[in-house]
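Below you'll find the structures, each written out as structure tokens.
Both of the next two complexes hold chain A, though its partner changes from chain B to chain C.
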Partner chain A sequence: MFKLALKNTLFYKGRSITTAVLTFASTILFILYISLLNGSHKSMLENSLKIYTGAIEIYHKGYRDIGGNEYLIQDVKAITDKLAKIDAIEAYSSRYETYGLLSNKEHSAAAMVAGIEPKREKILSSLESALREGSFLDENSANCLYMGIELAKKLKLGIGDEVAFIGSASDGSFAADIFRVCATFKTGSFEFDSSASFITRSYFDELMYAKNRASYITIKLKNIEDAEEVNSQIITMIDDESLESLTWKILMKNMVESMEIDAVFGYISLSLFMVVIFFVIMIYGFINVSSRIKGFGILRCIGLSKRDVFLLLFYEILILTILATALAAPIAAYICYYYSINPIVIEGIADMYKDYGIISNEIPFDFNLVTFGWNLGVIYLLNFLSILYPYMYINSFGPFEATRHV
Partner chain B sequence: MYKLILKLAWKNSFLRRVRTLLVIIMIAVSMSMMLVLEGVYDGLVKNMVDKNKRSQSGDISIFAKEYRVSRDLANRIKNADEIKAQLQSTKGVEAVVLRVKADGLLSTARKSSFASLIGIDLKEEERFGKFSEFLKEGVIDFQKQGAIVGIELAKTLKLRIGSKVVFSTQDIKGEINSIALHVRAIVQTTNIGLDKGAIFIDINQAHKFLGTTSQDAMQIAIRGEDRELYGKLKRAFPNLDVKEFLELQPMMKMMQDVMIIFNSVTFLIVMGVVFIGIFGVMYVSILERVREFGIMISLGMPYRYIRAQIFLESIVVGLLGYLAGAVLGAILLIYLERYGIDLSAFSDALEMWGYEAVIYATIKVSYFTTTFGAIITASLLSVIIPLSRIKKLNPIEVIKADK
Partner chain C sequence: MIKLQNVNKYFYRGEPREVHALRDINLIIEAAEFTLFRGPSGCGKTTLLNVIGALESCDSGEIFLKEREITALSEEERTKLRLHEMGFVFQAYNLIPVLNVEENIGFVMRLRSFSEEEIKQRVLEVATLLKIDDKLKSLPNALSGGQQQRVAVARAVAAKPKIILADEPTANLDSKNSEILIGMMRELNEREGISILFASHDELIMRSVTRVLTLIDGAVADDYKQ
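Here is the complex of A and B:
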């Protein structure tokens, strides 16, 4: 049957070429589209995670929903001692975040001031590598402030300038101090750069009465794919009902959800092309079998079953699909691989979409063999579906009726 | 004669009923899907542009020269009331509002966040952009130190109607000043900046709090779609920063451009594939009737009549597909324009990016006219090659060969 199918595909050149070309085009389009979609989403997530958010973060229950000083983690050391025993954790650190007003003589701005452990933060986030001017914090930086470049611009501050901070301490009392801008950073995230500044925890803890307390503990994993598994391990290990340990999927729920919606719209757009191509392949298949009804009648008369006829059509479409995908898949894979290493750069896109958290002008593709696998699976499935109607059409004729068909 | 040709074309179009029907379904399904996609994407952008204009930028905005570089109280327009009066008497200006703005810290007893205080006149904003239509919760009202907050800011600070908040910032003298307010309403403007960080209060209260006067404003927003208005205002106020909507919202311009490119590329690809589909069917349909055409030519029928008949056949198929697609597309678009696509399950994510949870489509006549042109063109082009083969026919040989 396979031999017959092969001969048929060579004989009916018009149909074969059209089907193969359309399958080739749809395979390339499908793989590249999904790769671009996944690549841009992955890059957005990675950039966001790299800047500041941890793969896992531990909070006191209620801190994220209600907030306030009574929801601070009260014994950081007890938790971090346990975290130190988990192999899959690369680094961890506690942060104390508060919001206050930063003012100089003429300007003031609301800002998030966070007390961080500089040594640990170097491994955890990209804060250090975002340094623009001055030098990154260390344990002895005292009242040195590491300020977002857009915030510094807003306050018209330069390195060495002093700025007054007014906020409230962890016990609810009034907290005020004079900080000195020692360095500025630029992560590329406009919102972050225009609102965040950092100070060494040891100094900040004194001001905020926050020793051994923290807003949360942030964790970096050796492999981010293990987030769920490590999170379960952390929950078991800390064994404290008042705490919650959350993975990046929950921490960045809105971003993950918006990417899902974007992906859904992407798939809908793509399905338009797929539906049209499916119809054309089916029409060509239909035209082809319509012209061969007599032939099918003869085949049935000499003893071939309906199953054999189906197999014949199946092999024909299989041969054409294999031929097209064998050519298209390596080309598409190479393009994806190339652009995953050398992303497409659209100058100005980050600036244009800064409100949307886009921090890079680069749009990388995603090179993932599993994705290629299911993309090809869809193409094969569509092509197989395209023979169903032609097959039903042939079967609507009895063997003798078919032999007399004009 | 042409009546006969038309009759022949109609009958021949349905000679192979299933095949013709498949092409019609293919055109109808792809066309209706394309129309829906165009309508939904255009609707998304149109909605954002419209609400951005109404809530913030207007068609044109005027600022003090340095304000957009440094959002300082010092960089304010100091004779805003005079300019407003002048603008109101300018031809082409439909509405004008003054706004007072200051960035600062908004705090509840438990949480704080960055926010922009915006002093507005509710009555004027209603005329300007139907401000009340942005209401999500509560009552649009500034009574008793009332304030209206953006939906994302409300989520960040866990604000509800009646929540007490304190806004702190530097006033015009450089002193840190605070004002206690009650949340009266939560609004969703789909302007990401406003939804994430705006707290609206009465403009007179804002003046009092910041130490500015009723002659001051940080922004004068203007509605007016007269194309010459922008140039006129730029010339009239050379010492001020006059910007039109797309200059203030370059992202919107980019979104519009991206949508046009996306829709055009989609259109070309889909029509290209549709062309291949029609071509396949017409090609086979014509070539399997070569003998008939040979007989017709032998009987003395001029080639131009055969050509007309074949063109008519392809037009009949294309037109029927177009009509089915147009009706299906129009029904879907009307439904989506009225009821939209409800994505409430993802409302948090959508609102975070400035989109509404229900996305409404828009309908443009151009969707139908351009598709009509494309399908008819594709239908006509699809018979060019088979026609050239018919033209080369030697009728006697064809009749003999097919015997």
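Here is the complex of A and C:
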């Protein structure tokens, strides 16, 4: 049966070439589209995670919903000692965030001032690479403030200017100091750039009476894909009911949801394309089968069962699909691989992207063999499904009736 | 060997254009008979051949092949019956265009899972008998009509069926080729003991067969041996 199918594919060249070309094109397009979709989402996520949010963050329960000094982590060291033992963690750091009033002689603004560990943040986040002017913080920066560029504009501050801070320390007491603007940053997020400023933790802890306390601990993983697994490990290790450890999927719920919606629409538009391809392949198969009804009738008369007819059609589409995908898959895989290491740069919006600071103007493809596998699986499935209607059409004729078909 | 009891077949039953294609056919065909169903166009000879060959079902009556009632078989069983017990020769040759002569002749044998050695041997034997052994590697479209019909006969006999059903096998052949073909089929009938049933109005076949059944309006009007 396989040999007959092979000969049929060689004999009915028009149908074979059309099916193979369509399968080839749709395989390449499908793999590239999914790779680009996944790659851009991954890149979007990585960019966002790089800015400030960690892959995992540990909070005291209630801090995210209610906030306030009573929901601070009270013993940072006890937790970080345990985190140090987890291999999958690349870096971690505690942050102390507070909200207060920043004022100069003429202007005031409410702002977030966060105490950070500059050395660790260099590994954890892209705060350093978001630098626009001045120099990034170090452990001895004392009262140096690293300020969002929009916030600096709002307060009409420049590098070297002084700004007064009034806030509440971790014990609820009044806290005030004079900071000096040492550097400004721009991440591209207006909200963040117009409300955030950073100061070295060692200095800030003294001011805020926050030694060994933190708003949360942020964690960077060696592999973001391991977030859920590592998070479970952290929960087990810290074993403290008053704390919660959350992955980026919860921390960046809005972004995850928008990515999921984007993916759904992406898949829907691709599905519509694939449906068109499917029908074209099926129609060509149907036209071919229609012209061969007499031949199928003869085969059925001389003893070919319905199962054999199905096998014949199955082998024919299998041969064509193998041929097309064997050519298409390596080409698509190579393109994905190439653009995963040399991401596409959208020239037209490159300048605009650069103006957004650290947000990348590159759109990488995702090179993932598992994705290629299911992409090919879908192509095979669609092609196999395309023989069902032609098969039913053949069986709508009796064997003898089919031999008389014109 | 083949027994038909009160076989009736209708087309378009219940419609104004209803045709009573076979009327109360009662018939026994012995093993190795060389039989012709003849009669004018539309008399039911092809339909009779088809119901015997399990290609079409009858509306009433029974058909037995040896002791087996084929009218009670499922479609799948009828397919198997055709594969294992019957061979078919059609008016329009109906060879598989993508297979060469050798593959066409051996096709039914392959479906029946004969060994490659057996197939090779039998194909050569039958092809030699039908004088197409020099065309084994040719594709059907490279052969003349007479040669194609001989390939069709070879395909029908290669797997040694009990019965061959031949529907107007000489209709597309000239008299010389018809004579050669019928002579060869006669030889196969005598040599291999295969029952061959023709549906035809070819005088040449009528002169060659051992039994002639004449059908008129779906009923057996005459039945004689010669």
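Here, the second predicted complex is superposed on the first by the 385 of 406 C-alpha atoms of A that agree within 3 Å, B and C clash if a C-alpha of one lies under 4 Å from a C-alpha of the other, contacts with A are read in each partner's own complex, and residues count from 1 in each chain.
We take it that a residue touches a chain if its C-beta (ideal position, glycine included) is under 8 Å from a C-beta of that chain, and two chains touch if they have at least 3 such contacts.
Worth saying up front: this structure is predicted, and the values here are computed from it rather than measured.
Partners chain B and chain C, brought together by superposition on chain A, fit side by side with no clash. Using the contact criterion defined above for the overlaid structures, shared-chain residue A:K211 touches neither chain B nor chain C, since it reaches no partner. For the superposed model, the angle subtended at the Cα centre of chain A by chain B and chain C works out to 80 degrees in steps of 10.
Looking at the shared chain after the overlay, A:G68 reaches chain B, while chain C stays out of its contact range.
Chain A is touched at more residues by one of its partners, and among chain B and chain C that partner is B.
When the shared chain is aligned, chain B comes close enough to touch A:I283, but chain C does not. By the touch criterion defined above, A:K253 lies against chain B but remains apart from chain C after alignment on the C-alpha atoms of chain A. Judged by the touch definition given at the top, the superposed model places A:K222 against neither chain B nor chain C.
When the two structures are aligned on the shared chain, A:G398 is found in touch with chain C, with no touch to chain B. Smallest inter-chain Cα distance, chain B versus chain C, after superposition on the shared chain: 12 Å. Shared interface residues of chain A, touching chain B in one complex and chain C in the other, do not exist.
Across the complex, chain A is touched by residues 16, 18-19, 22-23, 25-26, 29-30, 33-34, 37, 70-72, 103-107, 109-115, 158, 168-170, 174, 176, 192-193, 250-251, 254, 262, 266, 269-270, 273-274, 276-277, 280-281, 283-284, 288, 343, 346, 348-350, 352-354 of chain B. On chain A, the positions that touch chain B within their shared complex are 14, 18, 22, 65-68, 98-101, 103, 105-111, 154, 156, 166, 195, 253-258, 260-261, 268-269, 271-273, 275-277, 279-280, 282-284, 286-287, 290-291, 352-353, 355-356, 393.
Taken in their complex, chain C has these residues touching chain A: 50, 53, 55-56, 75-76, 79-80, 82-84, 86-88, 90, 94, 96-99, 107-108, 111-112, 155-156.
Chain contact summary for the complex, chain A toward chain C: residues 4, 7-8, 10-11, 294-295, 298-306, 308, 398-400, 403.
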